[in-house]
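Chain nomenclature is as follows: A, B, C, D, E and F, assigned in order of appearance, with residue numbering initiated at 1 for each chain independently.
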Amino acid sequence: MTIGLLKCTEENLVAMVPQVALKLYNEKFQIVCETEAGEASGYSNDLYHEIGAKIASRKEVILSSDIMLTGSEIGLKDLNLMKPDTLLIGKFNGCMGPDHLMALQKHKATAFSLDLLPRSSIAQSMDVLSSLASLSGYKALITAADEYEGYLPMMTTSAGTMPPARVLILGAGVAGLQAIATAKRLGAVVEAFDVRSSVKEEVQSLGAEFIEVEGSIEDDSSGGYAIRQTAEYIKQQKALIHSRACKADIIITTANIPNKKAPILIEKDTVAQMKPGSVIVDMASASGGNCELSRDGEMIVINGVKIIGDSKLYNKMAHQASLLYSNNIHNFLKYLLKDGRENVPYGSDIVSSTLVKSKEAISLHS
Amino acid sequence: MTIGLLKCTEENLVAMVPQVALKLYNEKFQIVCETEAGEASGYSNDLYHEIGAKIASRKEVILSSDIMLTGSEIGLKDLNLMKPDTLLIGKFNGCMGPDHLMALQKHKATAFSLDLLPRSSIAQSMDVLSSLASLSGYKALITAADEYEGYLPMMTTSAGTMPPARVLILGAGVAGLQAIATAKRLGAVVEAFDVRSSVKEEVQSLGAEFIEVEGSIEDDSSGGYAIRQTAEYIKQQKALIHSRACKADIIITTANIPNKKAPILIEKDTVAQMKPGSVIVDMASASGGNCELSRDGEMIVINGVKIIGDSKLYNKMAHQASLLYSNNIHNFLKYLLKDGRENVPYGSDIVSSTLVKSKEAISLHS
Amino acid sequence: MELFNFLKDHILFINLLIITVFLGFEIIAKVPSILHTPLMSGSNAISGIVIIGAIILVRQSEPTDYVALSSGFVGIVLATINVVGGHAVTDRMLEMFKKK
Amino acid sequence: MELFNFLKDHILFINLLIITVFLGFEIIAKVPSILHTPLMSGSNAISGIVIIGAIILVRQSEPTDYVALSSGFVGIVLATINVVGGHAVTDRMLEMFKKK
Amino acid sequence: MIYLELFYIVSTVLLLLGLRMLSSPSTARKGNIIAAVGMGLAVLISILDPIKNDHGNLLWILGAICLGSLIGLLYAKKVKMTDIPGLVSLFNGFGGACAVFIAIHEVYKFDATQSLGFMGTTYLALFVGGVAFTGSLIAYGKLAGKVRDWRNGISSYFNLFWLVGCISLILFQIYNPSLYPFLPLVILAASLIYGLSFVWPIGGADMPVVIALLNALTGIAAALAGIVYDNMVMLLGGILVGSSGIILTMIMCRAMNRSLLNVIIGGFGSAVHSIAGERRNIEKTSISDVSINMRYANNVMIIPGYGMAVAQAQKACKELDNTLSNKGIHVNYAVHPVAGRMPGHMNVLLAEADVPYSKIKDMEEANAMFSDTDICLIVGANDVVNPSALDDPGSPIFGMPILEVLKSKNIVVLKRSMSTGYSGIENPLFSNKKTKMLFGDAKESIESINKEIKTMD
Amino acid sequence: MIYLELFYIVSTVLLLLGLRMLSSPSTARKGNIIAAVGMGLAVLISILDPIKNDHGNLLWILGAICLGSLIGLLYAKKVKMTDIPGLVSLFNGFGGACAVFIAIHEVYKFDATQSLGFMGTTYLALFVGGVAFTGSLIAYGKLAGKVRDWRNGISSYFNLFWLVGCISLILFQIYNPSLYPFLPLVILAASLIYGLSFVWPIGGADMPVVIALLNALTGIAAALAGIVYDNMVMLLGGILVGSSGIILTMIMCRAMNRSLLNVIIGGFGSAVHSIAGERRNIEKTSISDVSINMRYANNVMIIPGYGMAVAQAQKACKELDNTLSNKGIHVNYAVHPVAGRMPGHMNVLLAEADVPYSKIKDMEEANAMFSDTDICLIVGANDVVNPSALDDPGSPIFGMPILEVLKSKNIVVLKRSMSTGYSGIENPLFSNKKTKMLFGDAKESIESINKEIKTMD
């Protein structure tokens, strides 16, 4: 069976680093690899060549693969070149347009989107979102620290005592927790907020303070993801966050609600009242941003406040991100093929939920 | 008496932040401040205005000042506008050309260069080099962490265990020690090397490993600064550093020898053998660089190794750097004027050694 | 009254008793809990000191007083088991604490 | 021989002595060093128990035997100082340990 | 020869020293030997020492001693470790029986010259010895599984009544010594019955306390016999055992949160039911058990989970590690990839506590090490050590790789309750035979363990 | 009334309990009172209890007791805290003197019926009491500064010889009781002289040990007197004091790294010189002193310096902080701007140890807090607390702002030696009256202090 590796067009990721390719090779797969697939994340063609992979053009790869690995994008043209019965694995934001789905159907191909995995213990070794969120959370803090024009830790020096920086983390999911941990490491004073009050214990377990707003709605059935909140609650929460934000030197926001616009947590007014020199990293910028002013993929400075909008900070850690992503995909592949190519366990929760849905299905569903 | 504040032309620093200006104002000094002197470091004209300073053009400032504060550069034109008997305080790299000195003499002005301060306990509150080196050391590590495409701490995740990054610090002066401390905080495995073996204890006191090379020359009379070493020693040292560097993910070099070219510690060959994705921050780049390939003020990538040459990393922390610099200058001023303007204690070690010398004098001296 | 006289006549004895009780308390009061079992076992062996009573009983019995002799005999056997077995088993127990 | 007989006659006594010595050791063995001085002072007061000897001496003296009486008297005075002063000063010392 | 008696003093001192040394871990074994020497010396003296009315009968004595030693040694050698407490109880009963034999014999020698005190002492020896005897036998039977617990509401009232009865009988007898010649036998019987009825209702968990108490009783019986024979060694040895036994009993009660009274009069039925509500098959353990096990282990593996984070127990773990390492014990940390609530959660915490990277083992390394591990200390981990991931295809986590702690020799789980972890599923590990549960906040538990281990040698 | 004697037992138990409680910090004060009650009871009994040859003489007795109590209370009230050890020694001497009075009196009552043992006991009481008496007086004199140390090479040989002489005299006397009627007086004199010559050569630092020893001797003398009068309370109280006193002496010796023998026979001149090499005016202190001081402080300020970094003592500091904070003591950290070897060096380390930022005071804050600080614990700092920066215009660091620890009540400096800090200049702080030096590695010192404080109540 041939595994094809496509170059990611939108990110610096690669879905199969040479180490993982070698494992698959040893498991008797043929590997075909698009030229320069790993270039952006530090894995050169040579490395792939060394472990026995064939380097080929994109077209060749698609034409020859039974299983195809990629990142978050796949073109319609690519889909139409596929062999019948191809398995396509990537992270497609959970959905594809109708044209794409049609193309898949036409080729009897199946697409799996790993960002749809259930957040269960058993699925965690394939959980791309976890891996990348963790990297991004770490990087968000490091980037903020680099942009911030001062020490994060307290420093008592002969030219005066510099107080520790105050870091505010909004949304304490995987990324938020990692940012908290990193900020604590660097000696900052850290506060965090999340709508899910169960996170309180997790935040405290990292030594940070949890900001509590009374009356959040929780829905255990949502599988760990956050859901929308009442207006009253949002008002109260806004006031609280506003006051904390004004004191903060660094704010990192990670609040996402899957397939919805991200909630606005930092408004214009708040930014206006923040100290010049403060840094905001908005990790939800791709879905609209938690900060009203943030722009995805850009850094803007307003009243001396730097606002960095970046939902894909892991791109800055492409090397390790690709390694983790590849491992996740490898684990998923192992699960998928555990009973052979013919017996993909479509019935299992893990597989069924990763099947790519149509955009409409997603909207109806949530 | 009027204190004039000049805008720094080469750096983002300002020699008197508003907080310090306020103190001086309360001590009955008049403050004249060049427009936008603090803009680059986040202190607006308004802030100066608020605390009672006069905002004026550069020329006006020079014409009216009895004491003039600046950063590391002063133009000949500026000098020639000075009032007689002006005290000029800054950090002029310890020396000035003959034209400048002449101009000073002509106006009976005196220039003090704070980077010439003795490294004694009493002088430490005015020690600009310490303040800035400390900031730079911290920033060097943060910048390196930001450039490095992976975690610094060890991470055991469901997609594999990422080992901790290995950080090598060359030169464990003030900057090096701060870089060590920051790297340790972030969870990296840290090794450090310095020619002065007395630093060993200091390095270990921060929890890092000290790389020992036998047979270093030390000279207590050099006042804490490093001196040149024998050829045999340098050879041995090179081999050792080479082997450690090849394993390192991040290298920070801080080895300076005052008024000499910086020693080459990382050669081309070493860089060629380093892992792609590694990061080198060369903080001695202004005086030739500790890495053969580094270029001051630039980041270059060679074989996937990022080499950042930056001797003035504190520029990236202009806000706090200016605060510390101002405090240092304020402490120096207090010392200078403790017995009144007429009785500057020229006899004291602190004052006499900060007097600006001619370039030749410096070369002869060292 | 008789009791008081008895006490008064044995005042040394009573003092001895009290002090010894104190000493017993004092010795045990700070024992770490891991030693509870071995200590119990060891002091159990010591309580077999009652054997001496049985020995004296036998020595003072007429060689023909078989009732006394045999009850003494059984007493000695039982007490010996207590003493010897007790010390031996304690030793085995304490051996476990030795580092392998 | 005479010594042995003396010992044998006072076997209860000797046992008492030994046990008490043990007890004394046991009580002190784990005392924290901050208490060394107050403990010394307190036990010094207890050593004034010798006063009872002096009292008995006086009680058994002929009311006319002024040598005995006065030596007993002085003995009691001295021992009382030891006891009363000792306890009082110990109390003062221990008061210091109280939280202000 | 007539001064031989003086050597009893030496033997007393040896017994004393022995007991003293037995109460400290580093000297305990030597203490046992010293006590044994003291005992041997005492026996020797008691045989050779000139006494009045001496008829020798050496053969009887030596024969009995040989027979007793043989039996004692044999039992001590053969017994399985787990049966030791029962054996100790049995031995103790024999000591009590010896006291009974002596006392009943002396009682029948009484004539009019006997003082009240002397008579009282002898009867007390009879009573106490008798209770120790049958009580110990019942205790042995229970531990050996041969006797079942028997308890109902009235047992404690019966005991109280019977005790009063025995004492009244004794008092009656010493004031009317020769009224009924069979009364001593009645007293004996009553004592023996009291021993039975006293121990029978006491439940399994309280057995160690009861044995300690019975042991103290034997000591007291020996002391009383010592008074009867005017023998110093018997007296002092007996009192020592008696008093130390009673305080030991009290300490053990305290450790179990029971009052001595509660145990003695049979608990009036209260304590039994509290154990009922618990899940079956779970074996609880105590701080001291865990401590002693860790102290004498060679390889310890700490397995942190989300509970360590919640309890903020990472520094406590490191300190425990330090203590153990100082004693030459190897300590490592097994970190499961998904332990905690974010990737690297455990790494962050362990780094904060300054655990060197070299001690942190990832799943593969750890799983290879478990077979050499003496104790796995599971600190608030649950899902990541759930063996149903390996062997229960119906489990939602079936197939997830876990830390295979069951390969190790002993497992101790620190958590607060039986509640489940993140994934909400039961963990069969907790009811495994190798596993012992230590309930409570992980940080507090570890700190207590550390404290205890520090006191050991 | 004739059973009054029985109450001696109660009094014995009270004395025992008292001593027991005296040896634990939390009960010490109550223990002292209980012992005092026991003592009072004993005195009462000894007055009322029917004895043979009773002539009453109650007035004498009560008069003496009143007088003695008055003097005792007066002294105890008036004495300055620092003079207490001297006073204790003086009191102790009085106890010894009492024994002497009794013994010399009894000795002259001997007739032919007295057994050797009894005579020996009485003479021993005389000797021991005499030594305790004059020895204590000398000790008191030394502590009060009234008697100077006197020592030369032969003093120890003289002592040895004199001791042997005394014992020979006593032996001679008890075997030839009525040969020389003045001999008892000679023995008395010899004993008194031995007391003098024994204590005189012992140096200042050893005084506490000697006092403890003399105290034990008084106890022994009381016990011997107890044998003479066949009085249980005297005997037991005496023995208790004697045995506990001796072990206390040994413990104190160990704490000072001296052997008891070395102290007793006058050290043969060895130990004195070792102290000579040291700088003058430095006051050394001990772990236990520092501990007790910290335990009973309200505000403690920890002042870290480069030495803390070298010793890696930051975590030990935090643990000490925890211990103290748990006892309600306020602990803060004063960080000097240039402490350590890089800006923020102390911050890095304290953060590593998880010291909350709110406890870290910078120089200005700290200097404002020192006047309320009971103890400054200087952990390996030197230059940053050098007061010559403030008051010695000739000093190279004159004018540098420092942490003004001298404003606080007590200062304890932890360092390894008298060597200087980074700037290489002497620090007059170390010889200040408020300052005590605790030499040794800072981490070890702090850990020991912490351990000690944990044992307190």
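Everything that follows uses one rule, which is that a residue touches a chain if its C-beta (ideal position, glycine included) is under 8 Å from a C-beta of that chain, and two chains touch if they have at least 3 such contacts.
Predicted, not measured: the structure shown is a model, and the values here were computed from it.
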Set of chains whose contacts include both chain D and chain C: E, F
Between C-F and B-F, the pair with more C-beta contacts: B-F
Label of the chain whose CA centroid is most distant from the centroid of chain C: B
Reference chain D; chain at largest CA-centroid distance: A
Centroid spacing, where centroids are CA-atom means, of chain A and chain F in whole angstrom: 69
Chain C-chain E separation of Cα centroids, rounded to whole Å: 19
Distance from chain C to chain A - Cα centre to Cα centre, in angstrom: 75
Multi-partner residues of chain F (at least 2 other chains): 16, 20, 236, 337-338, 343-344, 348, 351-352
Junction residues of chain D, two or more chains touched: 12-13, 15-16, 19-20, 22-23, 26-27, 30
In chain B, residues with contacts to at least two other chains: 124-125, 130-131, 134, 151, 153, 155, 157-160, 185, 187
Complex contacts: residues of chain B adjacent to chain F: 120-122, 124-125, 130-131, 134, 137, 174, 177-178, 181, 184-185, 201-202, 204-207, 335
Residues of chain F touching chain A in the complex: 335-339, 343-344, 346-348, 351, 357, 360, 362
Chain E-touching residues of chain C, taken from the complex the two chains share: 2-3, 6, 10, 13, 16-17, 20-25, 27-63, 68-69, 71-100
Residue ranges of chain B touching chain E (in the complex, touch as defined): 151, 153-161, 163-164, 187, 189
Residues on chain D engaged by chain C in the complex (per definition of touch): 12-13, 15-16, 19-20, 22-23, 26-27, 30
